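I've put the structures underneath this note.
Both of the next two complexes hold chain A, though its partner changes from chain B to chain C.
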Partner chain A sequence: MIDYETSLRLIAPEILLAVSGLVLLLVAAWGGDRAARAVSIAAAVALGTAFFLVMPSVDGGLSGPDRIAFAGLFRADAFAGFAKLMIFAASIAALMVAPSFLERTGSMRAEYPILVLFSALGMAIMVSAGDLMTLYIGLELQSLSAYVLAAFLRTDGRSAEAGLKYFVLGALASGILLFGMSLTYGFAGTTSLAGIRVSMVDGLSTGAMFGLVFVLAGLAFKISAVPFHMWTPDVYEGAPTPVTAFFASAPKVAAVALTARVAIEAFGSQADAWRQIVVFAALASIIVGALGAIGQTNIKRLLAYSSINNVGFILIGLACATASGTSAMLVYLAIYVPMTLAGFVAVLMLRDANGDPAERVTDLSGLSRIRPALAWCLMIVMFSLAGIPPMFGFWGKFVVFRAAVEADLLVLAALGVATSVIGAFYYIKIVKVMFFDEPAPGTAAVTGAGTGTNTGAIAMRDGRAHWALLVIGTLLVSPFGFLATGWLGNLADRAAASLFLVA
Partner chain B sequence: MEGFPILSAMLLVPLLGAIACMFVAAPAARTIALAATLLNFLLGIVLWASYDIGGAQWQFTERAAVFAGFEWALGIDGIALMLIVLSVFLMPICILASRSIERRVGEYMAAFLFMETLMIGVFAAQDLFLFYIFFEAGLIPMYLIIGIWGGDNRIYASYKFFLYTLLGSLLMLIAMLWMAEEAGTSSIPALMAYDFDPGAQVWLFLAFFASFAVKMPMWPVHTWLPDAHVQAPTAGSVILAGVLLKMGGYGFIRFSLPMFPEASAQLAWLVFALSMIAVVVTSLIALVQHDMKKLIAYSSVAHMAIVTVGLFAFNVQGLEGAMIVMLSHGLVSGALFLCVGVIYDRLHTREISRYGGLSINMPRYALFFLLFTMASIGLPGTSGFVGEFLALAGIYQVSSWVALVCTTGIILGAAYMLYLYRRVAFGLQRNEDAAAMKDLSPREYVMLAPIAAAVLWMGVYPESFLAPMRQDIQRLDERLARAAPEGDARLAVGRLAPAPTQAPAEGAH
Partner chain C sequence: MIQAFAFYLFAALVIASGALTVLARNPVHSVLWLIVAFFNGAGLMVLVGAEFIAMLLVIVYVGAVAVLFLFVVMMLDIDFAELRAGFIRNFPLGIAIAAVLLAELVLGIGAYRAGAIGLGTPMGDAAPLLGESNIENIGALLYGRYLFLFECAGLILLVAMIGAIVLTHRERKSPRAQQNIARQIARNPNEATVNARPEVGRGIEL
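Now for the complex of A and B:
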């Protein structure tokens, strides 16, 4: 018997997002694009409210039967809450940076914030999924919004290409996932994650094994782990930069959290079966992400490869299949999100002589001479991405490797660490371009006069929003972040523990 | 001094200075940097003065549980004390030597001050991971110093420096994680007393070795050093040679030896072999260099090889000698780089053949240069002699062959240093512009004179420097006793070496 009162209370944040999304859709329909900014602000407020609604569950480390809604379809536990906090915060950031970028080309439309809102709703459902059905609904809601977002610059060929490519490959991945889910259902006799777990305790039949592999393959596409990463550089490059910043942060968190939940809650009793897949994907992602980035001349493509590289490290945490490994994943994500957002915000703040967005690596040359504050922030972000102490990015890698060592995956840890040196190469290359090279004439850095020189007072306000995001992100990943290690580790530990309750 | 967190203060002063330097104009940045380093030097003197020789093993300890997974734990023993004093002594001199830097002075000073914080942190950290953070973070300022203010080929040198050292340290990180997991603590003093399984020790030793050997640097992973030295600005070279290389030696004496005594004994042959090759090969390479900085860089590799053989001699003389060589090399090679910097600032070339006969127009400079040359060779009365004599005496008890080969390094050292000196300071004045160079300015006096005094002090009365370390080295020797290899020499000497200055010379000088 479903207790609707409790269930509805547990999904209050999602209901809030859904209702505000629908209302704002009406506002957009009647108000037109003039209402775009107002809708953005309203969407941000809705996300912010949802953020505070979720907070108690994370803060209290709530989990267990009290947090299960609709007879197991939906789990509002601390793990889901932890991921939701990051998702909502990243979505707000994506809303903040978009207007000044899109307004330049006159493509800021009221649909943008609504799509972000629905995407965030889809992600919230994904990470709370207690059943394969909920999982798929959330995933598709997120993905369909994301396809449209990628193609948001209708008149731009690259953006349209990105949207189409994302859609075709995403549909393929959804197909693979569905196929895996149906196999799993066929052999487990249930779609509930807890039920699948029970059915697999005594061993894995060949059919269920195929189901597991296909499910993981579909999810690997969503987190853009090697060998399912091919779409990432193209989509990241083609999509409008604020959208890329969004893709690299919120959906990544959601997909990783979903993967962890499926791997541990549904397939947790057969960890040895999927560990080899995850280990392979982790190492391949680290290496391909690092090698692929070296030759890139476009910063967005470079950051795309960097995100592939980072997913590899996150998967090392998953490969442990322990509570500390999952906790390490969450900590890594909590550091990765501000890091990558700050990186993209810095890219957004680059402008060439005409005030157009600049996104080539060479546009950064000599940035430290012309816009030292921006260059120093980006330098901290780059060293943090490379995992060089005392930057906080180091802590993410540290906890992941510590979990791997605790789980006796010494070889994996050693290989992961050794290959991270390849990654360090292109991060320090960015620092080299910014600090060691002379400013090249005619590039972005030379004329960079803040955000949007020709949009007047609004640009100033947006400039402040960019700076605020950049400074907050940079401070979080700077050595000051270490002061938060205890608090962050605690929250992540309790969130991770909620995944292992059923075991 | 009770209760005053002097180590934290020493970390904080340069850090605040660094932040201040970022926001001010060039002259103010120079003043702030000098003031911060001098203040830290004063704190260093206070630290030395209030260090209780023969007291507790770990003094000035501080603890604060502000992080998860590791602690803010500081504390020093005599070994760390000496290396901290060396760092804070060299820093004001480095700042003075940076007068020729005119581009981006604020950022330059900030990088140096940040570097000072990290160096002190490395020597003062009492938690494994805190140590790692300080150790590894040094890459960032050094990368910037070489890359922004370096010579023509600075990009290549900075990449090489960064990636080489990073790869080495990361393997050490995995070993550290395993150790903390196995021993259940990340406290360095606790780990120094923890007995790891000898089988595991070998792997741990190799992982730490990968890091420290690169940092040291030992042959054949030394190739980043000449590049980095040649391209770095003068003060960068001084810090690199004076302090950063000591981190490798400090790592061996703090981690490898006490934590993995069995593995150290088992793999001592490896260290000896690499060191013997290094002494001979890099000395020969130094002999044919045309670039002064490169020559001194190669001589550094040779000197650090003496340090490693001394450390792995497993006896008191060897360990004491290795420490003194480290301190002495920090002073002497730093001073030699300063000497190169003095004439480089005037002529803007490091090419040896462009100079000649400098003792005619720069007699005072030639005098200082001669003193440091002799100290580098290891002439009795200078610091170099004490360290090398002790280290070689230590290794002689273990293996006559290693001692023999390493001693040839000293002969070769005399050859390349004297050859360098002859070409630069003696002979005819071949170039007019070199002949027209002015003698030392007051600023340069202030830079070189304190180092000269320290070199002589350490040469004449090394007891001042040995006394704080004696007890710690004794403890280390006791810890190593169970694994110490049997020597091929049957020496009938007591545990303590006779006063080195009165001992008969090794025949190498």
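Now for the complex of A and C:
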């Protein structure tokens, strides 16, 4: 029987998010869109509280039977906790940057923070899944909120297109995933991840192999790894920029953590079977992400390809199928999230003379002379994304490659290092455009986030929120980040160990 | 004996009404045939001892889904002749897909019969309670062991509802006069009507 007291205590952060989502929904229903800002702040507070509720489990590296709730459906272990910390932090960031962007077009509505909140709840359930059903329900809760968020700008055709595209392709991926899960269930006789592992200890039957391939294909769509990445640039370009920043950070962390959990906890005894899939997806993501970005003129599309490229490096960590590989993957994620968030916040702060968002790469030309602080921050972020040594992004790539070498995946590591050079080209191109190109005549008036149609006070406050996020993100990925390597590595090691406890 | 008879009756009716759903010229008739198919499907479910699914079929599919279909068919202006033209154009493709699915079924079942596919043995953690109807069994699992998932599924539906409203609802701020039912009901006949006695040839001022 289920011990409800323990179970409910273990899902306290999720309960908090769900209840505050419901209460805020009522506030939004009666307060209308005037309450949007208050609801945003309340949602951020709820996410922050959940962050602190999760912290002890990560800090203590907790895992094992007493962190399992609802008879194995839910695991509140350190691995889930580590992912949740990143998810909640990224969700708060998505709430902070949204109001000023959406208010410009008059589309800031009280439902935005609520959808972000429910999306974060779905992600928290996803990463804690101890059962295929929990996994799917969490994934759907997250995806459904994400589809609506992508189409949030109703007056913008591109946003509607992004939402529809995301919805149709996401539904297809969910179908593939469900098909794989039903095959896995049929051949394993259980939906619990631990049970699947037990049933596969003495070999993988052909049917279970099909199940594994379909499950991984469905999850590869969610993390936008290469054969299933086509939706990413379109959705990232069309969705409102704060939503894109959200998509590139929190759901990506959740989906990667989920993939790692399924691969290691459920299919861990058959690592050789899925390693070739993950290795292929990793290398293909790195190469396609790097080559696809070169021709892009839109910064959001470019960052979308950059996220595909980064997923490739993250998957190298997963391909090791070792505790050190998973730990490296978590470290990479922890560096990737502030990096990508800072990149998108910088894009959000680019406005042309009318205060409209500037999204083309050419809009950046001569930025170093017009807004030097922004240009320098963006330069640090770009160098970090490229993995150029003094920046912290280098450390992420380094630990991933080190884990791959330790796991005897020398060829994979060598190919990864070689192909990461391709990616460096377009990151450096952006820096070149910012620092060495003349400001183009039409875009000479790239101005601050504070101008435009906003009233002064609101613009000031949001300008500060943007600057705060940008500076924090930049500091985290700058060489100062190396001060945290020991601490971060420790946490990630313990989180990864909790995943391998069952092995 | 009576079971076999009932099975063949329901099965034949399901197939016949399914075929008529596709073939009927009038879309409203199609929906009605679909309802007949659902009812007979429910009969089949009772035969295999799944009375809960039988009830779901009647309540959810007949009661809600079929009525929804009927609404869609009757309220939306769909050109069915054009749809049917598309049906004929895509007919070869449909047949090809059906053939592939049939081949897969034959292969799968053949391999299973030959013993090439070993299905997993159920863990038995959701085993039925002895001596209880399957409604009580499902209830015990849904509100006991899988309570967490049940509540989360509820949240998904809530998000779907929020999404539908966010994407489609518009505040109407048109200058057009709008009906205020409360005011309309609270209207007082003494204030609304006036008796006047106009002089001949002068008319009346309102």
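To be clear about the criterion, the second predicted complex is superposed on the first by the 492 of 503 C-alpha atoms of A that agree within 3 Å, B and C clash if a C-alpha of one lies under 4 Å from a C-alpha of the other, contacts with A are read in each partner's own complex, and residues count from 1 in each chain.
One rule holds in what follows: contacts are C-beta pairs under 8 Å (C-beta built on N, C-alpha and C of every residue); 3 or more make two chains touch, one makes a residue touch a chain.
Small disclaimer: the values here were computed from a predicted structure and weren't measured.
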item	value
Fit-or-clash call for chain B and chain C when the two complexes are aligned on chain A	fit
Which of chain B and chain C A:Gly489 touches, first, second, both or neither	first
Partner chain in contact with A:Phe82 - chain B first, chain C second, else both or neither	neither
Which of chain B and chain C A:Phe101 touches, first, second, both or neither	neither
Which superposed partner A:Tyr336 touches (first chain B, second chain C, both, neither)	neither
Which of chain B and chain C A:Ala18 touches, first, second, both or neither	second
Contacts of A:Ala418 with chain B and chain C, given as first, second, both or neither	first
First, second, both or neither for A:Ser145, with chain B first and chain C second	second
Touched chain A residues, chain B compared with chain C	C
Closest approach of chain C to chain B (Cα atoms, Å)	40
Residue numbers on chain A that touch chain B, as the complex places them	368, 383, 388-390, 394, 398-399, 401-402, 405-406, 410, 413-414, 417-418, 420-421, 424-425, 428, 431-432, 435-436, 482-483, 485-486, 488-490
Chain A contact footprint on chain B (complex, rising order)	65-69, 107, 129, 132-134, 136-137, 139-140, 143-144, 147-148, 154-155, 158-159, 162-163, 166-167, 170-171, 173-174, 177-178, 180-181
Interfacial residue positions of chain A with respect to chain C in the complex	2, 7, 11, 18, 21-22, 25, 69-71, 73-74, 109, 111, 114-115, 118, 121, 125, 133-134, 137-138, 140-141, 144-145, 147-148, 151-152, 154, 163, 185-190, 192, 195, 199, 205-207
Footprint of chain A on chain C - complex, ascending	117-123, 125, 144-149, 152-153, 155-156, 158-160, 162-163, 165-167
